[in-house]
Amino acid sequence: MSVNSFGRLFRFTTWGESHGPALGAVVDGCPPGLAISEADLQPFLDARRPGQSKFTTQRQEPDAVKILSGVFEGKTTGTPISLMIENVDQRSKDYSEVALAYRPGHADYAYDAKYGFRDYRGGGRSSARETAARVAAGGVARLVIPEVTILAYVTEIGGDAIDRANFDPAEIANNPFFCPDAEAAKRWEKLVDDARLAGSSLGAVVECVAEGVPAGWGAPLYGKLDADLASGMMSINAVKGIEIGDGFAAARLTGEQNADPMRPGNGGPRFLANHAGGIAGGISTGQPVVLRVAFKPTSSILTPVETITREGEASEIRTKGRHDPCVGIRGAPVVEAMMALVLADHKLLHRGQVGA
Amino acid sequence: MSVNSFGRLFRFTTWGESHGPALGAVVDGCPPGLAISEADLQPFLDARRPGQSKFTTQRQEPDAVKILSGVFEGKTTGTPISLMIENVDQRSKDYSEVALAYRPGHADYAYDAKYGFRDYRGGGRSSARETAARVAAGGVARLVIPEVTILAYVTEIGGDAIDRANFDPAEIANNPFFCPDAEAAKRWEKLVDDARLAGSSLGAVVECVAEGVPAGWGAPLYGKLDADLASGMMSINAVKGIEIGDGFAAARLTGEQNADPMRPGNGGPRFLANHAGGIAGGISTGQPVVLRVAFKPTSSILTPVETITREGEASEIRTKGRHDPCVGIRGAPVVEAMMALVLADHKLLHRGQVGA
Amino acid sequence: MSVNSFGRLFRFTTWGESHGPALGAVVDGCPPGLAISEADLQPFLDARRPGQSKFTTQRQEPDAVKILSGVFEGKTTGTPISLMIENVDQRSKDYSEVALAYRPGHADYAYDAKYGFRDYRGGGRSSARETAARVAAGGVARLVIPEVTILAYVTEIGGDAIDRANFDPAEIANNPFFCPDAEAAKRWEKLVDDARLAGSSLGAVVECVAEGVPAGWGAPLYGKLDADLASGMMSINAVKGIEIGDGFAAARLTGEQNADPMRPGNGGPRFLANHAGGIAGGISTGQPVVLRVAFKPTSSILTPVETITREGEASEIRTKGRHDPCVGIRGAPVVEAMMALVLADHKLLHRGQVGA
Amino acid sequence: MSVNSFGRLFRFTTWGESHGPALGAVVDGCPPGLAISEADLQPFLDARRPGQSKFTTQRQEPDAVKILSGVFEGKTTGTPISLMIENVDQRSKDYSEVALAYRPGHADYAYDAKYGFRDYRGGGRSSARETAARVAAGGVARLVIPEVTILAYVTEIGGDAIDRANFDPAEIANNPFFCPDAEAAKRWEKLVDDARLAGSSLGAVVECVAEGVPAGWGAPLYGKLDADLASGMMSINAVKGIEIGDGFAAARLTGEQNADPMRPGNGGPRFLANHAGGIAGGISTGQPVVLRVAFKPTSSILTPVETITREGEASEIRTKGRHDPCVGIRGAPVVEAMMALVLADHKLLHRGQVGA
């Protein structure tokens, strides 16, 4: 089965390598009649774009998205929307060493074990550049769910967490870390810069909240809204964990503490808490959908690590190239996109599953 | 799309409600020629079976699995294997109250919001009884991956974690908690019993390790081995979080700390650490696959909780019925089954994706 | 991928062998709130049921369908509907010869080539008994599309076609051949009986018309309504051809002859012809959907045919057992069911693809 | 579900409109390590390319295919292969009339009924230009099945059939009709030219034979090899019928006539006939896979036809633009491509379904 696709009714397929001529996505199942232009998608790509501060990779990519099909006279037609982003700043020569030895923490060895062959330039298909394609697709998904507002932000870098008391959504765009806590953002400047200068890297936690999701999206079992979110988030490069609502902390609560009591509200219950993160039994409850995603530290580091060559000999590797000292930072717009992609799909599924 | 199915080449579909006549699974895509009998599947159902100690629900279900198709002369034929488990100890009258008001933390309200209608007896399709069907299917999956050994156990109940120094796999079968630490198991007896007597409930964390998975299973992006594991685990009732390898803890490590250095080994690298949990870039590395799953406390509690009725009036509910004081305990065999189901699918996919 | 399933949003999976304990279907994706009982499904099974005249197999099967899940208080809940039909009149001993040699025209050799192993009793999974399960599933599908009326009938047996001038839908239930032409039905009595007595068998053509399908169901390319109908019909045992509208005859028309001119009508065009069979560009036009299906003669014949044994030695085989002298006759209710199953799926897909 | 995709393990998605900037296909699931270049694909596009004789549309399209991903150092990597073909000779102004009224026989009305909106330029997504993308994808599929030889040819135009006695595969490339009978090809010159000059169009029948398919590809029921072929062929523009082996003619044979007797052969049976067209019970038998596809006459004709406008007023339409007088002719390379695409998928599926 097509493993480079995601979604059921709103389905996208991505293609492209880090150092190929281009990468892209085909979005299939977008409803007809939605106003759309390249300018609607570009801001999301710009948010994810590298090279905008010293805290991300210095590769300079304009990431200009082109719409090649599925749109006529400024509106979606219901047919596949082909999106293409050209690669312009490849420097494949940086990767001569990677061709010979496996970078620990990377997909290098696993790819070779699977395919017996790999495009080693910049990680090829395993590069986080793939996420540009899904951010473009996510821009289309947002048009399908205008009732929903999605916000992702970084809550923790290298173990240093934000203070919830300082939470201010307006701050997120004010710093290069998608950080809602101005004080934490200040601390992170030094933290990330130190890691960068030390040839090291840091992990991060991204939180994402979707408001406006009506009750009833999702499905009881294997097509659960949270199962699809878990799958989608875990498919982002460098992600190692996903929590819905209280997540692992819920395992430490009692049943009474974890209950989200209900009182009569307008057109549905008014919940007194949201431990569940807006999803019960795989179906949205009408509360905000809340999740958290753990990004491991970037595997590409200048610090030498023990490894083996393709021939199985002992070696050591330092990954030169140009890399994010904390790949989780740019993960925030990707998590947002993935949230939009899953929700758009479930909106269409819900429409197909029930009703007149 | 069929939302009660899971898997691609090794695919299963479950059906059935808590208080219907039976429940079951259809396993499609099992390779032919595997020796199988009901006796091969029953031990896994027995491990998950309720009513075996005071720490689980007192509902008495033999959970005897019947094979209705796909097997001839003791071997799988390659055609669908239909598995059925009859329900024998339903007490639907316990649920008269549930018909009228929504249990907070449960799928009751979400189902009504989606379907406008629900089978309220024992939670209907949202009941953890569904997991009996997937445990049966998991028994078939294990036959497909004889090279793999899977072990799941509870590492934490109500915030009380095991001591890794005491870890002894032989202990797991010695206590009613699937606990590998004999001392923790002793503490949990009181902990869980207190919760039960107080009409409360507790959450838990289950860890699962699969040894023997060769390098190369999985796929780079949306069909990542870890994405499928995340989806499968999150689709288990009461699960709110999933981690691969170090998971959220990896977000607190530096790149050097998180690297899994490689040295020359026999027929592949010898890894010096396994922060990655055996998966890199969505593909297995040949190391043990390690994951952790967070179960929230059982939502059905005797302690009254504020709620609303179907008509939207304020109310209060105590869930009588018979319930697990800690649904995560019986989660261990379910997590094992889900691991087997995902791995069996990826073994077949790998065979289809590459090779001569 | 699950190859024993069909459909996208309205999806069913069948299981079971000719001589196993039972067979069945799991219908997933049926919308909630539809009134349903076993009595709603049974008439369709009765129409297909064998042993009702000398023109079909003498195997006596009540084909009583049981609903095991997905229904509560007489209404569908939106969760999977498990349907089971027990086999009662197996006579496996008839098949000792089939175990040793391959029946030409049958799936015997192909199964062995694929699986290296097969359930030879009555053809196992390749038996037309499987169609009982899909007829049951088709009964559920009909509830999803109450606006559509489906009628299938036999237009040709052994090359003897009906006279369209005699076409009378009321006749279809008056003879054992689902024949809309009373005179042809009379001729076919002798034709089929002669074939039966001679130990031979005959082919047939079944036509099916669905009225009431609104314009707009389907999709432009690989999910075309006609592509799904072609797939569904070709998946019925013994089917070798499928035509939409004029089908192969359209290849002999000019563009002017084949055009279906339009005039203003009520709420859409009034078409002056229906060469297209109600589908253009993969999407329904609002005209009746018309198709024809070719059934080959039953491969199980008493006349000896040259064959080889499993060991590859020359042999000869006469298929004893109990068989339909013309399997296409009982194909009519199966074609109807398949039409309903495809249309139900496309109704739900359309709802998910477009609209508010 | 993605309706612009086809296949399970070897899966492709096409995108693009007749008058957009480009069209293309993403091929997902191609095994790694296959030698491939654009030059390997171009000959198949050239065979299908328009404007090469007066018997096809005069639109001049070089149809040069570009590979944008999935290939490294001349070999497939196992990641998605993105193929793009730029449109260069659009003349959208020809379609002003089509914007206002529906062309009978075309998808115009059905698209509007479904989407409420359409790209009317050249039929947009419903144009046969889409088949360029699947021919490119088919070129990749051929690399996956080097053991198979596929040949498609036209056996009938406007009701004038070839003489099987004259069948010479070498003739197929000698005339603009893919005709294996030199005499028929001569007759068709006048036939097609007369239709063209009269502003009319003709239908055709294409036959396709795949040799070298081993026994065992396919699956018993809904994933039958013939069901997938039926779906794939019916999804080609203008196709209205599909037959496997003897197809509709088999409905006129007796069981003895239709049997394909077997004698001992080398490594499998030697069949004495091939009425089944190489497929039994949905699984290949090792004989040549044979099918026939009916193409209706091109719907775009200069002869005026009664129609209605989008506003529902009576009108008349002549389709100017540039069109094939017999779209079935260029159907031959498309049918070949589709055969390759289905077989490649089933080869991979078979590998995943059975074996060690």
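In this document, chain identifiers A, B, C and D correspond to the written order of the chains, with residue numbering beginning at 1 in each.
Assume a contact is a pair of C-beta atoms (placed from the backbone, for glycine too) under 8 Å apart; a residue touches a chain by one contact, two chains touch by 3 or more.
Everything quoted here is computed from the prediction, not taken from an experiment.
In summary, the chains found to touch both subunit A and subunit B are C, D. Using the mean of the Cα atoms as each chain's centre, the chain most removed from subunit A is C. Look at the contact of subunit C with subunit D and you find the same residues on each copy: over half of the numbers used there are shared. Here the spacing of subunit A and subunit D, counted between their Cα centres, is 38 Å.
Mean C-alpha positions place subunit C and subunit D at a centre distance of 26 Å.
Here the spacing of subunit B and subunit D, counted between their Cα centres, is 45 Å. Across the assembly, subunit B contributes 1, 3-5, 8-9, 14, 29, 32, 78-79, 114-116, 125, 220, 349, 353-354 as residues in contact with two or more other chains. Those residues of subunit A lying in contact with subunit C across their complex are 1, 8-9, 29, 31-32, 78-79, 220, 348-349, 351-356. Subunit B contributes residues 1-5, 7-9, 11, 13-17, 20-24, 26, 28-29, 32-33, 68-70, 72, 75, 77-82, 84, 114-119, 121, 124-125 to its touches with subunit C in the complex. Subunit C contributes residues 1-6, 8-9, 14, 102, 104-107, 109-111, 113-116, 125-126, 130, 156, 158-159, 195, 200-205, 214-224, 226-235, 237, 240-248, 250-264, 268-269, 272, 275-277, 279-286, 294-301, 303, 305-308, 312-314, 328, 349-350, 353-354 to its touches with subunit D in the complex.
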